[in-house]
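Letters A, B and C mark the chains in the order given here, with residues in each chain numbered from 1 onward.
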Amino acid sequence: MTEKISFRTSKEARKNLILSIIALLIAIVFLFPLYWLVCMSFKSDAESFGKIVTYYPHNFTVSPWLENFTDKDFLFSLRNSFLIALIAMTISMVFGVTAAYGMGRYKVPGQKGFMLSFLITQMLPASLTLTPMYLIFSRLHLLGTYLGPALAIASGTVPFIVVTLRPYFKSVPTALDDAARIDGCNVFQAFFKIMIPAIKTGIITCLVISFLNGWNDLAYSMTFNVKPEMRPLTANIYRFQNKYGTKWNCIMAYGAILAMPVVILFVFLQKYIVGGMTAGAVKE
Amino acid sequence: MKKRLTMLAVCAAAALSMGLAAYASEDIFGPDNGGDPIEIWHYFEGEADALNALCKDYNAMQDEIYITATFVSREELMKQYTIGAVSGELPDIGMVDSPDMASYISLGVFDDITDDLEAWGELDNFYEGPLNSCRDSEGRLHGLPNNSNCLAILCNMDMLKAAGIEKAPETMEEFLAACEATSNPDEGVYGFAMCAVSNEEGTFQFIPWLYTTGGSVGDIDSAESIESFQIIGDLIAKGWMSKEAVNWGQGDALNAWAAEKAAMLESGTWQIAQNLDDSLKDTITWEYAYVPMPKSANGAQASVIGGENFGVCTGASHRDACVAFLEFMQTAENNADWCEKAGKLPVRGDAVGLKDFWTADERYAVFNESMNFAVPRGPHPQWPTISEALYTAEQAVILGEKDAATAAADAAAVIDPILAETPLP
Amino acid sequence: MKIATKKKLEGYIFILPGFIYILVILGYPLIYNVVLALRNVNVKTFASHTDVFVGLGNFKMLIADPTFRKIFRNTLVFTFGCLFFQFTIGFIFALFFSQKFSLAGPIRGLVLVAYMMPMSVTALLGKNMFDVSSGVFNDLLMKMHLIKSPVEWLLSGGTAMAAVIFMNCWVGIPFNMLLLTSGLTGISQDIYESAEVDGASKFQKFIYITLPLVKPAITAVLMLGFIYTFKAFDLQFVMTSGGPLNATDVLGTYSYQLSFTQYEFSKGSASAIILFCCLFIVGLFYLRMIAREDD
């Protein structure tokens, strides 16, 4: 995962040590809320809302986790979360990357208008797009499907991709695709074979973010899918906040469960997301 | 890279195939009876099994319709009705919190089923309060009440006794004395806990105090109404109640009581069956007792009526069959059974005699008695706005942003114009 | 066909699918809300269809309403508070982790995990940690003897806003770091080396090389950050419900409340349109900036 660093002098080794210690301190402060999430998720009901704050679970229990896992709709929710996120990601990437490429590499009349549209359309708060979108999906018979929420989620991600990838596409030297054209590639071949690999870092960042947008979505999936067998994991959030009071341990376990697949995915792809920090290391 | 991606794809595929078993609605709602599907939306949590069983029974009894019930959390359900009012995509039968019903009737969510219910001939057995919450401004019925509940004071007797108080408080004077004796704010222990959160639950818990002092929603800036705000404000000022009440839902306030952060709690009927006898059974190691809301100096006493209603939604398929199901659900026997399972109070007088726990269990007896002086909220189509003005005023007093008189005057500025146009019944 | 025309055509082929998709999915909601904002649809007029055209009446009413003004102010405080902290710290982190040292990669990765949490869970976590009596922050501060008695974080306006900004930054910092890191990646090491040969100090290298080269990424991240924080909803909705007494209510939560709990559909749309107009102006500003960069 990390590239091998060799130190030529003891001065460099010392610098490495100091920087690493600072980084560790940052991590401790920054990750404390995450520790807290996991710590709370293993506390008993009484301990989690007790008078005394405990810094590790004194009465260690896995029942909050079990309560989430044994929920009869859990597996359905897991599948739904994956499907909604994957579909949303696909739609976002197909429309987003192409548009970003068009906006970054071509000068067409009305470009400013396009850019403005991409920017402003994501400016309506989700709460206000719910009803009109519901009307559209009702007309298109997309209520109670995965496509409905996925289309809604992607509509917020596409502009994001356009804004973030446009500068990337701009920064690729024109010589690169000119060369491809001379080699006989058509526009689309050049796009797929030359441009996309050239901005791999940006593409993977967008892949992850568009997947996350789908995975973490709450409002759209819940509003457009009422059936329990169609709802994603996030829809469970309100179940632990009701007449029983806020069940902190269950909520925290739920948060940890939601974060887990994403963290795993992230660990696998980390190198590509934040990798290639120095110019020389970009080559894989 | 490729290898890793393949692995990821395999993991994802495995995760997907795990969930691919058919959704097991037959186990819950009984075998397919060949009837057309009918959908109920509800936010019952602890009561869901009882409702599902009722659907299952009904599905076995007839074959015109096949009923399934879907849980939708309360916030989400309200949103679905609102969007449904616009789009027409509604369930066949819907459940709603009683004070919200008038708004949804006004938005056209629930159908007028007065004639069908009158033909049924059992309406006389229903209590007026709950039944009225299903009526529109012209008195037409749009549903049937399902259950009632109200509020009373739950006391941690061990804490009271440790503070030298032997008897659970009955009058306002005794209540305040008990608050003083049990409070120790430096230790994070308070005499009293309630929910004053910024939603309907907050209003629900405030109403008893408002009517105990002789105040009312229609006269929110009267001296009596101001006194009720003053009582709440004093509880805070004297360190007898935590300001955190403004962030506590009713369940959170109960948890604070269960963590011994408060000696007394404003508690609802449902908390006996769903919490005290269930989720908190092992937590509560002390003696506790219920008493009705405290009596004021002039003998006035008040609680508040809560409960859920069911209605047939506009555009429901098999409207008549849906009404028949509501009637089945609310027969005296079924209502009594239901309330026993869910720990609630029946909505019809002839159901009370069928079970004895409302009188035999002294905890329920307190609530049963409190129903005699419990007041309804609304019904009013703009109740949500009225309610917001009420809990906002209460919160302003609790947080010390306004004194009782100013808060009451500000609430009146919102409420009075609304009531001038459409008065409360 | 002329080459220029062909080029334009190619450009449209790439741009139009995304554009049309956005137009269909989001154009309609925009029109829907504009129409609604100009009428008086609410719980009284909805079912009977007795709503009428009121022009800018809803807007005038909102602007005259002290609650709305307070909420507008809150939105600005929240947005600029978040932008300032998450951008500054995010940038420092991006620079810090772009140095070569053993733990740079793994810890940068860990920090990013905060960004992956669903906002609703982050909000609940915030509600729990900032709790007055059983919150871990108060407990920690007391143990460190920084405070004598618990701070009433979510019970008074100023501290509640600070707490909400804090939680938003927890998510926003990794987000800023991620996008800025991507921008820093693009800078060739050769430029720094040649600057070093010329005797440039670290500070000079940052001002004259790093900043100009990551400027496109900076404008993008500020622009996106502005949009996402200005229309924030989940965080306040779950963590504070906009309380105490509207102190953390922002335009996003307020318009939701108007539409879905007060059934004031037209007023809700009007407040959303106001939100939209603010973002529109910022969007125009951004366009001018990138147009200048393009030249």
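In this text, a contact is a pair of C-beta atoms (placed from the backbone, for glycine too) under 8 Å apart; a residue touches a chain by one contact, two chains touch by 3 or more.
Values in this document were obtained by computation on a predicted structure and should not be read as measured data.
Taking each chain's centre as the mean of its C-alpha atoms, the one that lies farthest from the centre of subunit A is B. The interface holding more C-beta pairs in contact, when B-C is weighed against A-B, is A-B. Once the centre of each chain is set as its mean CA position, subunit A and subunit C turn out to be 16 Å apart. Per-chain Cα centroids separate subunit A from subunit B by 38 Å. Each of the following residues of subunit A touches two or more other chains: 49-51, 131, 135, 241, 246. In subunit C, the positions touching at least two other chains are 127, 133-134, 259-260.
Contacts with at least two other chains are made by residues 79, 82, 188, 259, 261 of subunit B. The touching residues of subunit A, counted against subunit B in their complex, run 45-46, 49-51, 72, 75-76, 78-80, 82-83, 86, 130-131, 134-135, 138, 143, 222-223, 226-229, 238-239, 241-246, 261, 265, 268-269, 272, 284. Listing the residues of subunit C that touch subunit A in their complex gives 7-8, 10-15, 17-19, 21-30, 32-33, 93, 96-122, 124-125, 127-129, 133-136, 139, 170, 173, 178-179, 181-190, 216-217, 220, 223-224, 227, 231, 233-234, 238, 251-253, 255-256, 259-260, 268-269, 272, 275-276, 279-280, 283-284, 286-287, 290-291, 294. Across the complex, subunit A meets subunit C through its residues 1-3, 5, 15-16, 19-20, 22-24, 26-27, 30-31, 33-34, 36-37, 40, 49-51, 53, 55, 91, 94-96, 98-99, 101-103, 105-109, 112, 114-129, 131-133, 135-136, 151-152, 155, 158-160, 162-164, 167-168, 170-171, 187, 191, 201-202, 205, 212, 215-216, 218-219, 234, 237, 241, 246, 248, 251-252, 254-255, 258-259, 262-263, 266-267, 270-271, 273-280, 282. Within the complex formed with subunit A, the residues of subunit B that make contact are 1, 4, 7-8, 12, 15-16, 18-21, 23-24, 41, 45-46, 70-76, 79-80, 82-83, 86-89, 188, 249-256, 258-261, 270-271, 274-275, 279, 283. Here subunit B touches subunit C in the complex through residues 78-79, 82, 85, 103, 106-108, 188, 197-199, 242-244, 246-247, 259, 261, 381-382, 384-385, 388, 392, 395-396, 399, 401, going by the rule given at the top.
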